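Take a look at these structures.
Note that chain A is present in both complexes that follow, paired respectively with chain B and with chain C.
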Partner chain A sequence: MALILSVLEQGMIYGILALGVYITYKILDFPDLTVDGSFPFGAALTVRLITMGLPPVVTLPAAFLGGALAGACTGLIHVKLKVRDLLSGIIMMTALYTINLWVAGAGYVAIFNQDTIFENGVVNGVFPGAAGRVKTAAVIFLITLLSKLLLDWYMSTKSGLLLRAVGDNDTIVTSLGVDKGLVKIVGLSIANGLVSLGGCIYAQQQRSFEISIGTGAVVIGLASVIMGTSLFRKVTAPRVTSSVVIGSVLYKGCVALAMFAGIDANAIKLITAVLFLIILVISMDRRKNPGGGLT
Partner chain B sequence: MKKKILTAMMTIMAMSAAILGGCGDSGKDVYTIGISQFAVHGSLDNCREGFLAGLAEEGFVEGENLKVDYVNAQADTGTSAMTADNFVTKKVDLICAIATPAAMTAYNSTMDTDIPVIYTAVSDPVEAGLANADGTPVGNITGTSDALAVDAQLQMIREILPDAKKIGIIYTTSEANSISTVAAYEEAAGNYGFEIVTTGVTSLSEVPLAAADMVKKVDCITNLTDNTVVTALQSVLEEAGKANIPVFGSEVEQVKAGCVASMGLEYFELGRQTGKMAAMVLRGEAKASEMEYEIITEPSLYVNYAAAEKLGLELPRRYATDAYQSFEEIIVE
Partner chain C sequence: MRKSSFSMWKGMTMLELKGIWKNYNPGSVNELCLFQDFNLTVRDGEFVSVVGSNGSGKTSLLNIICGSIEIDRGQILADGTDIGRQKDFLRQRRIGRVYQDPSKGTCSGMTILENMSLADNKGKPYNLGRGVNKAKAGRYREMLRPLNLGLEDKMNVSVGSLSGGQRQALALLMATMTPVDFLILDEHTAALDPRTAETIMGLTDRIVGEKRVTTIMVTHNLRYAVEYGNRLIMMHEGKAILDKSGEEKARVNAEEIMGIFNRISVECGN
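Entry: the complex of A and B
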């Protein structure tokens, strides 16, 4: 039971991260490595705010804004300083490593006995007597759902439509008299805001911050996006955001299943990679079929 | 297709549930423990082996009346958390967490259960939020700390190098263990007439550069149990060798690999001590929530005569008898 809840919790938390990666990777076509820094950035901000004694709910907008700022920096480095996309992300990721240590104050910080978004008067009032883990999963579900709905809503606004257009065909955007650089910066901000929000929830679910939690975050995000969009390839917006979150849960589910089945932990990463490859290849086959046209 | 996958997954889950249900409580003839180790690392592996040896000495023998489920998280906190949740799902009798992040995730996962957690190789349980300042546990969790015997180490360096003034320490800025140990060194160094020179690094690739710069400024280098620096130990030894200054280790593996000497922890012993604590908890003699965490009180001396000879260093004669273990050659694994 705890493992299933763990999969759901981690899957949905990384699902929020995956929503961010979806924006950069699928919509903007921007390989954004800022993610490895902005995920722990959200977590670092969170433990700092909580140890300062602020109400836990404040951490959610704070982490989103912090991550958005980091994303905006990546965007500015790329657009204004004309640094290549991959490098802009790497630069920001590297800078954030130090910033995260400063913000959190140490390589690891525990918040075991503090109020979190899962453990506070309000939540305990809404779910009286509920077991800790169920409560946690419920709260994560609500936040993930809300993030997804807000993102869906944003995508239907004018700004959101422009964002989608930049990724598909940026000449159209330029011909509309819109600065495509600005659109990219906005997209990166929202994406990293979401990633950082994921980090914020992760830190509270784990009741601790650890500097290395960002390592490989972008890979998990990409895997989730690709799994989600490949397995449910016929769906279109806004349901594509749901499939990204489901992809993330499936990804964590595979890891858990392998672990539960007693497969050597050392082999899990290899198995993940193989699984990842299989899904990619299957989805590519379908893409080459009738109608053709590689994307 | 999708339905088939779903059916297959459900079948697997149902089967595993049946297997688990079947082997449930059998009057505790066989105990099940889960070992969550954070990373692959010589010291941590020694810890785990010591832990199992300690349990065996107390009558809990793996394969006989003890079932051990071992997972290594490969330094990934997400995997570490899932490992702990997996153990909770399997309702193990006890979780052994090796290294700080593993201990923190295990504590987080078991908070709502009555599964005890015994940790080891946690340098500062208080800092990690696992123990109160007086050493009592914060929950159903206790274990052993691998805090370094800083004073003993400084005293040993003074004996070997009567004229040395500056000791260099390279550490990783993100490792809280290292930061607290550096602080302890800086505080104690004055008592032995030393000055500590530190260089912080953030990744493996910076260690050789830091070492090359460090050897110009100091009379010797002393190592911590810093994961990154220990991994790059050979490059530190190489730079120090070029400058002809000794490097002191913090545990046996480092001395084996070419450090001159160390007044350090024997991780196997630490694990063994932890195993005995776990045995008490398993037998029901004590509760993890009531046991203070322990440290190794008597550090062990390790010397490497080959490393000393290479530098033309003469080691105090009594080390021949005092050393817990001495090496006549440098063994690089």
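Entry: the complex of A and C
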């Protein structure tokens, strides 16, 4: 039971990250490595704000905005300075490593005694006694659901339609009289805002910040996106975001199974990489379908 | 910026290219001076066909007008305003363009309805308003019906699954959905089979006639160049070596153009 709860919690947290990766990888067709920096950036901002004594709920919009800013920087480097997409992300990821250390104040910061979005008067009041076991999962579920619904709404707007168009065929965006660079910057901002929000919740669930949590974050995100969109190939626009979150939960389930089977905890990144490779190869022939998961 | 790009639509506008210079790869061994003091005036409502061999500068001409490539010197006047230094996307707010590659004029991963909704919003802000207005689907269907391609029954079908001809018809429709001053056709029938190309040319002629939009069409098909439009230009090495309009254009026949075309091609060793 505890294992299932843990998988659900982690899966949904990384599901928010996966929603961000979905935007860059599937919609914008931009291999964005900023994620490895923006996920811990959200966590760093969160522990900083919480240790400053701010109400935990403030960390959610703050982390989103912080991540959005990081994404905008990647976008500006790519669009304005004409640096290749992959390199733009690597530059920001590297810069964020130091920024994360500055923001958090150290490579490891614990928030054991402070209120978090899971541990506060309101949440403990709603989940008294034994129900407290599921409160973390319940709160994460609410935030993930809200993130998914907001993203679905955004994708249905004119601005969201344009975001899909720029990844599909950026020539047409110019034809429509819109600066395609700006659209990419907006997309990267929203994507990294979501990734950072994932980091924010992760830090509060773990009750700590650790500088290394970003390592491989993008791979987990990609694996979740590819797994989700390959398994539920026929779903249309609003439901594809659900597939991505489910993909993330399943992915975390696979990792948990591997650990449960007795694989050394130090091998986690190796398992991550191998699992990602397997998912990538299995889904490969299916991805020839034009438009990917969005059709 | 906005004011100039959203001038009141008059349906037709004059386009003037004055003293255009364009050098490719300046300073290198591959330096190619394509345009040297190139001048062209396209009058209100004119439908110009441009022909010429590869490298004659006809596609570059379109790219220069649309801002896809920058010019070294000269002016591009749209109704008297110089747009030669304006960013490509700002310029294209008043230009409709259809490319040779059918996939460039539409979004393959999106449905016909989504594609048309996007195109319908051109010139207006792409904000947080509803992207697809279901109420307009009926109007879009009516626009698709005369194409006789059955697209009106495929509103929710992904454009990627349509044929090249269907996509090009849709691209043409999308390029002219909102009021544009100029329609730029960049060999838009070249990638299609002869019968489909014929259909698309018919559609082009109808749309240009209905909208009375100033049109520049680059084509490899000399017959189309002769048959359609009211002005014919032949480009060679960055110059318009033949320019016939009105009565003169009407008298031109394909053999004559072919003759001139072959002569200059032979001179170049092509």
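In the analysis below, the second predicted complex is superposed on the first by the 258 of 295 C-alpha atoms of A that agree within 3 Å, B and C clash if a C-alpha of one lies under 4 Å from a C-alpha of the other, contacts with A are read in each partner's own complex, and residues count from 1 in each chain.
In the analysis below, a residue touches a chain if its C-beta (ideal position, glycine included) is under 8 Å from a C-beta of that chain, and two chains touch if they have at least 3 such contacts.
Given the structure is predicted, the values throughout are model-derived calculations rather than measurements.
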Chain B versus chain C as contact partner of A:269, first or second or both or neither: first
Contacts of A:164 with chain B and chain C, given as first, second, both or neither: second
Which superposed partner A:180 touches (first chain B, second chain C, both, neither): second
Which of chain B and chain C A:278 touches, first, second, both or neither: neither
Which superposed partner A:86 touches (first chain B, second chain C, both, neither): neither
Which of chain B and chain C A:149 touches, first, second, both or neither: neither
Partner contacting more residues of chain A (chain B vs chain C): B
First (chain B), second (chain C), both or neither touched by A:172: second
Chain A contact footprint on chain B (complex, rising order): 9, 12, 16, 40, 69, 71-79, 81-83, 85-86, 88-89, 100-101, 104-105, 107-109, 111-113, 127-130, 138-139, 173-176, 179, 202
Touching residues (chain side chain A, partner chain C) in the complex: 154, 156-162, 164-165, 168-169, 171-180, 290-292, 294-295
Chain B-touching residues of chain A, taken from the complex the two chains share: 1-7, 10, 14, 97-98, 101, 106-108, 110-113, 131-133, 206-208, 210-213, 215-216, 220, 252, 255-257, 259-262, 265-266, 268-269
Chain A-facing residues of chain C, complex: 5, 87-90, 92-93, 95-97, 99, 103-110, 114, 117-119, 121-123, 125-132, 158, 160-161, 175
